[in-house]
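I'd like to ask you about the structure that follows.
Labels run A, B, C and D following the written order; every chain starts at residue 1.
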Amino acid sequence: MSENPTTLPTRLGGDEDLAALVNVEDGLISRRIFTDPAIFELEKERIFGRAWFFVGHETEIPEPGDLVARPVGMDPGILVRDDEGEIRVLLNSCRHRGMRVCRTDRENARFLRCPYHGWVYKTSGELVSAAAESHYGPDELRKTEFGLIQAAHVDRIQGLIFATWDPEAPSLQEYLGDMAYYLDLVFGRTDGGLEVVGTPQVWEVDTAWKFGTDNYTDNYHVFSTHHSLVDLGMLPNDPDFASHGHMIDAGNGHVLHFVQGPPDDEEFKAFGLPAELREQMRRNLSPDKLRIAEPAGISVGTVWPTFHYMHLQSSDVIDGKQEPFMNLRMEEPLSPTRTRMWAWFMVDRSASPEFKRRSQECYVRTFGPAGLFDQDDMENWEDCTRANLGPAARRYTLHHRMGVDREPISDWPGPGTVWADSYGEMTQRAWYGQWLRQMQGE
Amino acid sequence: MDQGIDAGTRVKPGSDLYAEVADLLLCEADALDNYRYDEWLGMLTEDMTYVMPVRTSQFLTDGKGFHGDANFFSDDRESLTTRVRRLETEFAWAETPPSRTRHFISNVLVREREDGELGVRSSFMLTRTRQDHGYQMFTGERQDRLRRGEDGELRFAGRVVLPDQTVITATNLSVIF
Amino acid sequence: MSAGPAVDLETRLAVSDFLVAEAAALDERRFEDWLGLFTDDVTYVAPVRVTRRSGSPDVVDEITYFDEDKQSLTLRVKRLLTDVAWAEDPPSMTRRFVSNIRIIPIPDEEELTVKNNLLLFRSRGDEGTYDLIVGEREDRLREEGGELRICRRRAVLDQAALGTKNLGVFL
Amino acid sequence: MSNADIRARLEATVDPEAGAIPMFVYSDPDVYRLELENLFGRTWLYVAHESELPEAGSFVVRRMGEQSVIVGRGDDETVRVFLNSCRHRGMRLANEDFGCTEMWRCPYHGFTYGSKGEFLGTLIGAPYERQAYPEGLDKEALHLIEARVESYRGMIFATWSLDGPSLDEFLGNVKWYLDIVLGRAAMEVVGVPQKWIVPSGWKLPSENFCADAYHTATAHSFLARLNLVEGVDFGRDGYHVDPGGGHGLGIGVHDPAEGSYFPASLEAEYGRNLDPEQLDLLHRVKNFHGNVFPNLSFLIPNFIPMGDQLVSGMMLRLWQPLGPDKLEVWSWHLVERDAPEQWKRLARKMYVQTFGVSGMFDQDDTENWEAQTVNSNTALTRSDEVMLHYGMGISAAPLDDFPGPGAAYDGKFSEAAGRTFYRTWLDAVLARSAA
């Protein structure tokens, strides 16, 4: 019998114990941090009360009064373009009894009216009236103080809107740090940038939220998890095919990778974009960014903690042509073991209608809840969650040791710590390192 | 989203044509629930389209909440065939081991359209269990276009699946509606 | 398989009516009426379902949830009619949804195979909760004295671990 | 409630020797948390019968506490129990209920394990692994998390406690009785277990099988109503046995003059496997129930005539906890491997009609356990403790001439073994001794 050398404490005490659970240097992460209700409670406060969260893209709310209901971390929010055209993020909760003031997923509205007692707010959040208002005495209602609660900060990069509830939070630019460089690269490459098509797909999975985040910069699972597609000839029958590329730790828990295709496959390069978009890319990107983008076939990145972009390519049928697509993802934790998944499809605004159609078809057929690839991922996350709940499992670590001794390279055109490989758990360790720092209250 | 499903003349229950349509819907459900996917593919026309739009919660005045521009499924015969071929590999983990499904098809309304096709609306309830977990349940409406082939058999030429949920409460959509 | 033109309308309606009436007898707790709908040589089984890899049989006929004949069904009904059948006294509220009725005539025999889907909604107590029992029934119907009767029932349920505390209800 | 608070409450209120058990222990979430950790995380737990693992590579998926485990017969024929969880991301490895395999391959990243739990490498070929881990992998450290396994009379048990008592010590006196129930002949599991979910705390059915013959007259009174048994005290004649260790038994006997109810053709096999005193008791058995601490029950139900033959369909039960107020029942039907086919057929029919999810007895039992579980929440809203009565037979003296070990009492109506069940449980939950 194995010695099972990686046994861990089973009870959570002070903050010191968290460090015992997450050993980033050795890549040994406790199974407990995924499912323990006490840790989940602490996450609510130290992560979901403090970080910056993606709430939507500006193309989702083009007109004044356009709004969508979105979680901001774990709180219900409203992303709205107000009458003045300003983008705001509001807590979806009336100041009187806390009732939801927006009860649809999207609408165009001039006012937000609470159904309970009829308090009415402007889309800027300002309280304008209450039903039977005359029954309030002169200093009782205090409209100016009781507007809808606004996110502490709202800011954008490349049309991606982020918000935080923490007044002490650093600015978005500071928060993103080196990651901003890569978001500019990926989302700013074509004329007019990218736009959201339609509305997000939303579904709920019985998984701990971190099994989702853990998976995004993981290329290593592809050959095994998605092996059905290898069998069908839709992925190369080469276990190493997704291993050529670069993984980047952009600091503060933000991570990403660029994967390169075979050297002789021109189609796969420049994210697989059609010729006219490649032309635009060459115009829009600086030489250093272009050196990264030109050879890249796919790229996936995470903005700490729960926002991900997946710029992928795949074919949707056997022997079909591969098309690129952009997919945004976000986890909304509902409980230690249940997570709501959000998925947006995006496409270059200036692309041809035919490319837009094919890109979307390839996305819907291969990713999202009905996708040929994604189906199997969710199967993993659910069973990872169930298998890590018990008193025996929680005494042990998981194995995040791949590439623990690997040295970064120094000749990369962009910022961050970079490794010349795309099989490795360097990015996951960086993510858990940030998790630990945040949970310790740093 | 509107494929003119309510255009045309009602086909009355009790008629042979209605019975033929109802029979096809039940045979289809039987094939899907018993993992006979090739038989199911044989029930589709070559130009079959299969779409399931994303639903959102909206005020009634803003429509039923469907967005033709955002889908859970947007498939054609070829991509559906790919889905089936995938299930036949031993690595389609989402359905390995397979889900146990049961399609309940009811409220069938049939219309004869001017273009010779039949327009069929039906309600579905699809129950699914995996391993020793509880039920995942999907309900909604299906709108089917049926066309008679040269061999005289009715086949599905188009299906739109309109879910009742805005948030799908299921691991994934590795099942066919 | 066919429920359509291969089987005449009269038969289709008769089978459909029969299954609806059977479900009503159970939902209305008319157990003796219900028992009368079975032939004397009836077999009534519900095999156990298991989770297996694709391609492996997932129905185990060797062990069952029900393995009944007319005599044992009668005993179950008699038990339900005592005042000490605690599992169903007070009774569950049940509602049986029978659909997807498919009729397969058996050549050279005066019997029909009828496949149908069962959704059994069962609510007990005051917790406001309910259990679902879902499966496929494969029935064999025979005409006796001008009336349809069930001479065989095999109910294959869709759960590998049943989400109801007992099968005090008939399938 | 903090661990210290809940321990103090248990110590102050649970008094098995006085026949006093507080109702909150049936379903209290804090108690349940301690149970998972200190009891199910440490004690010996039944996982499978050897007949379910017929050949090298056979495996079944089971639970220890709430945790999924693989019980597998390796290619060296040894039976092992592994946490059903990959060492890399903890993904479930075996997804079917049972099967036969040379290896388990994780669907997520392809980590692959041999039938002895050894880490073999990653999916399909070494290049993948070399690419991913040029620095190499410590294969020994990636061995599946393995429980300690021992078996008795075909019953396989496992524990996460690597240095606790042996299975032999753990079973103690109950072995003499298990010999009669499961060791009298080569037994086989018929098909697969029935599984269903009951909204009940796991201790209620465990103690019911352990020490409660008394309920049968009321809960199963339909038997008397339908003239299937005689009199209301049909469950009394026989012995109540407290063998110690938290296990418990009730043995119903009939007049020796009636002869054995078991198949006569197996008499020689019984004689080979049992000593004369065990054999004598077997010949008088009309029913036999019991529980191996904490949650493995067995039952030979009353022999009932089927046609002109008396038959009984014996079973094993696991009361798998799924939460403080929910359990999954696993019910196996077992039969003597060499019993006549006709007897096997009747026994199976009898088992399905009387026990299992549709069984006429089980139906009534689940009704009680569910309502008790719901009622035990009363304890959450009352300031004074709701104490329950476990005092039956508290002053009775055990028989001094009973052949089997442990304390045996005349007549099945006693709660002595139930009191020991709760004593053992309390010590285990408070981690006062290795259960």
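Definition applied: a residue touches a chain if its C-beta (ideal position, glycine included) is under 8 Å from a C-beta of that chain, and two chains touch if they have at least 3 such contacts.
Predicted model, so just to flag it, every value in this text is computed and none were measured.
Between the chain pairs B-D and C-D, more C-beta pairs are in contact across C-D.
Farthest from chain B in terms of Cα centroid separation is D. Averaging Cα coordinates per chain places chain A and chain C 49 Å apart.
With centres taken as mean Cα positions, chain D sits 45 Å from chain B.
Each chain gets a centre from the mean of its Cα atoms; for chain C and chain D, those two points are 32 Å apart. Between chain B and chain C, the centres computed from C-alpha atoms are 27 Å apart. Each of residues 51-53, 160-161, 163 in chain C touches at least two other chains.
In chain D, the residues touching two or more other chains are 95-96, 107, 195, 328.
Touching two or more other chains at once are residues 225, 227, 376, 379-380 of chain A. Chain pairs that touch one another are A-B, A-D, B-C, B-D, C-D. Within the complex formed with chain D, the residues of chain C that make contact are 46, 48, 50-53, 56, 60-68, 72, 75-76, 78-79, 82, 84-88, 127, 160-168. Against chain A, the residues of chain B that register as touching in their complex are 52, 54, 56-59, 62, 65, 67-75, 78-79, 81-83, 85-86, 89-95, 166-174. Interface residues of chain A, counted against chain D in their complex, comprise 1-6, 10, 31, 34, 211, 214, 218, 220-221, 223-225, 227, 239-240, 243, 376, 379-380, 383-384, 386-393, 396, 398-399, 402-406, 423-424.
Those residues of chain B that touch chain C in the complex are listed here as 14, 16, 19-20, 22-24, 26-27, 29-30, 33, 35, 87, 90, 92, 95-98, 100-106, 125, 127, 129-132, 134-135. Remark: chain D residues 95-96, 107, 195, 328 touch chain B in the complex.
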